[in-house]
Amino acid sequence: MQSLTTPLFLIFALAVIGYYLAKSRAMQVAGGDIRGLVSLPHQHALNTALATVVPPTAAVLLFALYGRFADTGPSWLFTLVIMGLGVTGFALSLIGIKTNSRARIFAERWILGLLIFASSIAVMTTIGIVFSMLFETFNFFGQYDWRDFFFSLTWSPNFRGNSDLGIIPLLWGTLYVSFIALVFAVPVGLFAAIYLSEYASPRMRSIAKPAIEVLAGIPTIVYGLFALITVGPLLRDYFAEPMGLGQSASSVMTAGLVMGIMLIPFVSSLSDDIINAVPQAMRDGSLGLGATPSETIRQVVIPAALPGIVGAILLAASRAIGETMIVVLGAGAAARLSLNPFEAMTTVTVKIVSQLTGDTDFASPETLVAFALGLTLFVITLGLNVFALYIVRKYREQYE
Amino acid sequence: MKNSLLVTDARTKKRNAKEARFKAYGLSAIIVAMLALAVLLTSVVNNGMSAFQQTFITLQVPLPADKLDKVGNRDPADMAKVTTIGYNPILRDALVAEVERQGLTTELSAKDIGEMISKEASATVRDRVLANPDLVGQTVTFDILASGRIDGVFKGRVTMESAALDGNTSPEALILAQQLAEAGVIETKFNWNFFTAPDASDQRPEAAGLGVAILGSLYMMLVVLFLALPIGVASSIYLEEFAPKNRWTDLIEVNISNLAAVPSIVYGILGLAIFINFMEFNQSSPLVGGLVLTLMTLPTIIISTRAALKSVPPSIRDAALGVGASKMQSVFHHVLPLAAPGILTGTIIGLAQALGETAPLLLIGMVAFVREYPAAFSPESGLFGEASTALPVQVYNWTQRSDPAFVERASGAIITLLVFLLIMNAVAIYLRRRFERRW
Amino acid sequence: MEDMIHMDRAMSTQQDIKISARNVQVYYGDTHAIKDVSVEIDDKTVTAFIGPSGCGKSTFLRCINRMNDTIDIARVTGDIRIDNEDIYDPKVDPVQLRAKVGMVFQKPNPFPKSIYDNVAYGPKIHGLARNKADLDEIVEKSLRKAALWNEAKDRLDAPGTGLSGGQQQRLCIARAIATAPEVLLMDEPCSALDPIATAQVEELIDELRQSFSVVIVTHSMQQAARVSQKTAFFHLGNLVEYDDTDKIFTNPQDPRTESYISGRIG
């Protein structure tokens, strides 16, 4: 990549020169009177600059995508090609400057091209995610039987080889932690949203709503540390040990509870939107029959909002399943299939981190398994998201 | 006679009790949420505030020429041959002498007294001496770091009981430290080094700082800003203003809303596979970190930019088109400037989100132990290519150390991170208030 | 002829007064929406509120079952009595009041539940049925009264939102009468209905008069003339004229009433 810095820099310099050259040439063609031009001088200038820069840069990016620089670096031929592209664009656009040339349209076409390129990056990201994981996952299944991966009940990697890499204990930990998080976050978030939208005075709303939203702005590493140094020891000393359920500060309960706190604002702000979308006429109808506000909420508003709320819960679930730092610091590292929530268990994301930050050989199944885990995680969360977004959208349309 | 309205019947009473209960649930939910926030913040602040204080020992250190400058020419190159090991006894003796001068008696051996000094101190003194060789031969007053255990005494972390069980210190050392503090030799001061010093090894938590992490985070934020903002704005403009309604744009739309919900760790896997393994960018570099965070924040920025563009009323576009501007001109001359505050707010919020993100950075090697300040540009590693770490990753790193003094460091780093986030969000809120426009 | 009118008068004064409002003022924040309205509404009578849009008909109607309580900025002063009991007395529970004073809204607003559950909702929350059979009976009776039974009896489990606009409105009426109210407030109940459905609802209103006192807001003068015995004309928050319907339409006392019913203002 380094050896391309110079030619790219030269091309940018050429573009700047082209900008000013084109401007003065346009003035010159017009004989000093810009009223004689179809396109203004700065439009010619822009066209020239873009024509000089865009094609070579595009070529470099394309080339970079092929990963050719990995071992050899660009050949002198390629350097020549991109310099040629730059100079061609420079020259053609300069020569093209006439009183009646439509530089504005050309310049706008360049810009539109750039805009389209920018918007395709989102798609390329998805493709990149899928392919990078698929590729290594295939590598992994070349070395490790996929049936063992999906159905084995033990996870015990061994860096001398012969590892057991079953995903089930990890999925169990993931789902258990997420379940506890949702059991905590859904009622709290939902009731908070209900209270804020149906009961709270404007004053209270103006204090409580931002305060809850602050929870959403706190990075997950903070929650992780909170789990590690406060919640974990607290649960161990006051619940797990007295009840004889375990001695570990990291546990499913620790991670679940803290993750639940993290999810409260997520659930409450989504539910708030959804509850507010239920038309007031519906509430009036119920209140007009002599229902109390809570009867109205429980029997009319919530049923009407149910699809939206289910969507919100699914989105929260997908959040919980993909969350990493809280479980890394709060749940533990031992893969275990157990029902005791005060025991340390581990999750898919924890293992992705530990397998990819260890010192094992990159080509070994112990490392590659992380990609299979990542792909599984991606598929699960994507499924949940697509489904949830679909439900929520359908729900919104109903009241539009 | 029919039921009077003025007396509440039994059934209504029951229903009203239910109503009150329901309302109480709602209120308790809010209280639970607020309480969680309060406990979280208090816990972090309680654990972390002490990281901004550090215990120093003021020592008069004689710098003997025969030990520090054996050649005798005051040439730093020659003097550098004396490693920190050569400085250790000098500092130890200075502290022993100080104890005697204060007239304090202790059962501690000279070696034990020396352990009250941070292992980092000799390096600090050596650097000072090498920077200024003329100090050799004089007696110079230094503020040197006390060891982590002694530091802990003044922060309540180390007590007589814990010291008795601790191989690295003893109750006698605590007593001596307290006596020295009364004599004014040991002092606890504001710890600027916490923001500037690089990380330190497992044995010297007292010297660990956030310098490299802050620099690394700053570099990454620059990368994110310079990539995510233009790309995000460009793609929003295309999708909002130019895109025809067809399969392709539908695909992009669905894509973006789903990308916003992809777990962040997946972006780390992407970064590892594409940027490091495939394109062979440097591991642990802010460039790769910035690229990963860019892809991660892009959906956020696109979503808020599109909202900002959407809120500019169509009449503005029509007005521009009406005077003969092209579609592109109407967008760039009129719509974009009007949407700018909204875009900026969204960008800052996206940056704040990126600043706090940890998981993907772990996978691209930013968790490594880095003591060198990374350069923004170097000929070998290119732009932002030198190994670095980042604020949230440094927190994670410190939580993995065994010495409990690192808990304080990690919490202090969190406070620092939260302060940065607070500032960014405050700026965003200010911008929104200042430029908010009602059409 | 003279005698006839006289007898009419005598009859109407004989009737029980169900609702009596005195010096009612309503404010929405700073807007004074109802200005010192006093009116007495008879039992077992249909009373129509007419007047130009925005004159406060709905607002006044909503005062009678305290639906205005649900609007934060609304403030009601004055004295409204039902059966001589002050409904704004602090001891009165609006929930109990609304069971007694039902309401049908301008836009049909069925709950997103089955037809059966829509009608059963009121009886359930007020505990009017001892068992399922009771409830079934109430539902059937209400639907019959609302002239919806024939259309709905085979699809009681279908969602109420799946009905047509006119059917939905009749469902809302059935829902309101299922709670056995003593007063039924109807805010432009026919504005979303076709002429046939309107005729059905009007017939229904006439029938309801046997058991309830009905107050109906309408923009249709013909409708007011057809269904009501008494008519109140509102204008800019004032109650301009209140009298027997025949009288209002044949011989209005106030020039504003006259120009409104002859179509000159409104």
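Going by the order they are written in, the chains are A, B and C; count residues from 1 in each one.
Criterion: a residue touches a chain if its C-beta (ideal position, glycine included) is under 8 Å from a C-beta of that chain, and two chains touch if they have at least 3 such contacts.
Note that the structure is predicted; figures quoted are calculated from it, not measured.
Interchain contacts join each chain to each other chain, per the touch definition above. Among the chains in view, A has its Cα centre nearest the centre of the complete protein Cα set. In whole angstrom, the spacing between the mean C-alpha positions of chain A and chain C is 54.
Distance between chain B and chain C, defined via averaged C-alpha coordinates, is recorded as 65 Å. The distance from the centre of chain A to the centre of chain B, with each centre set as the mean of the Cα atoms, comes to 21 Å.
Within chain C, residues 95-97, 100, 125-126 each touch two or more of the remaining chains.
Of all residues in chain B, those that touch two or more other chains are 15-16. Contacts with at least two other chains are made by residues 292, 295 of chain A.
Residues of chain A touching chain B in their complex: 1-2, 5, 64, 67, 69-70, 104, 108, 111-112, 114-123, 125-126, 128-129, 132-133, 135-136, 187-192, 194-196, 198-200, 208, 211-212, 214-215, 217-226, 228-230, 261, 264-265, 268, 292-295, 297-298, 315, 318-319, 321-325, 328-329, 349, 352-353, 356-357, 362, 370-371, 374, 377-378, 381-382, 385-386, 389.
For chain B in complex with chain C, the touching residues are 2, 4-9, 11-12, 15-16. Contact residues on chain A toward chain C in their complex (touch as defined above): 202, 279, 281-292, 295, 299-300, 303-304. Taken in their complex, chain B has these residues touching chain A: 15-16, 18-19, 22-23, 25-30, 32-34, 36-37, 39-40, 43-44, 47, 230-232, 234-235, 237-239, 242-243, 251-252, 254-259, 261-270, 272-274, 277-280, 295, 298-299, 302, 326, 328, 352, 355-359, 362-363, 365, 367, 379, 382, 392, 395-396, 399, 407, 410-411, 414, 417-418, 421, 425. Of all the residues in chain C, the ones that touch chain B in their complex are 82-83, 85, 87, 89, 91-93, 95-97, 100, 125-127, 182.
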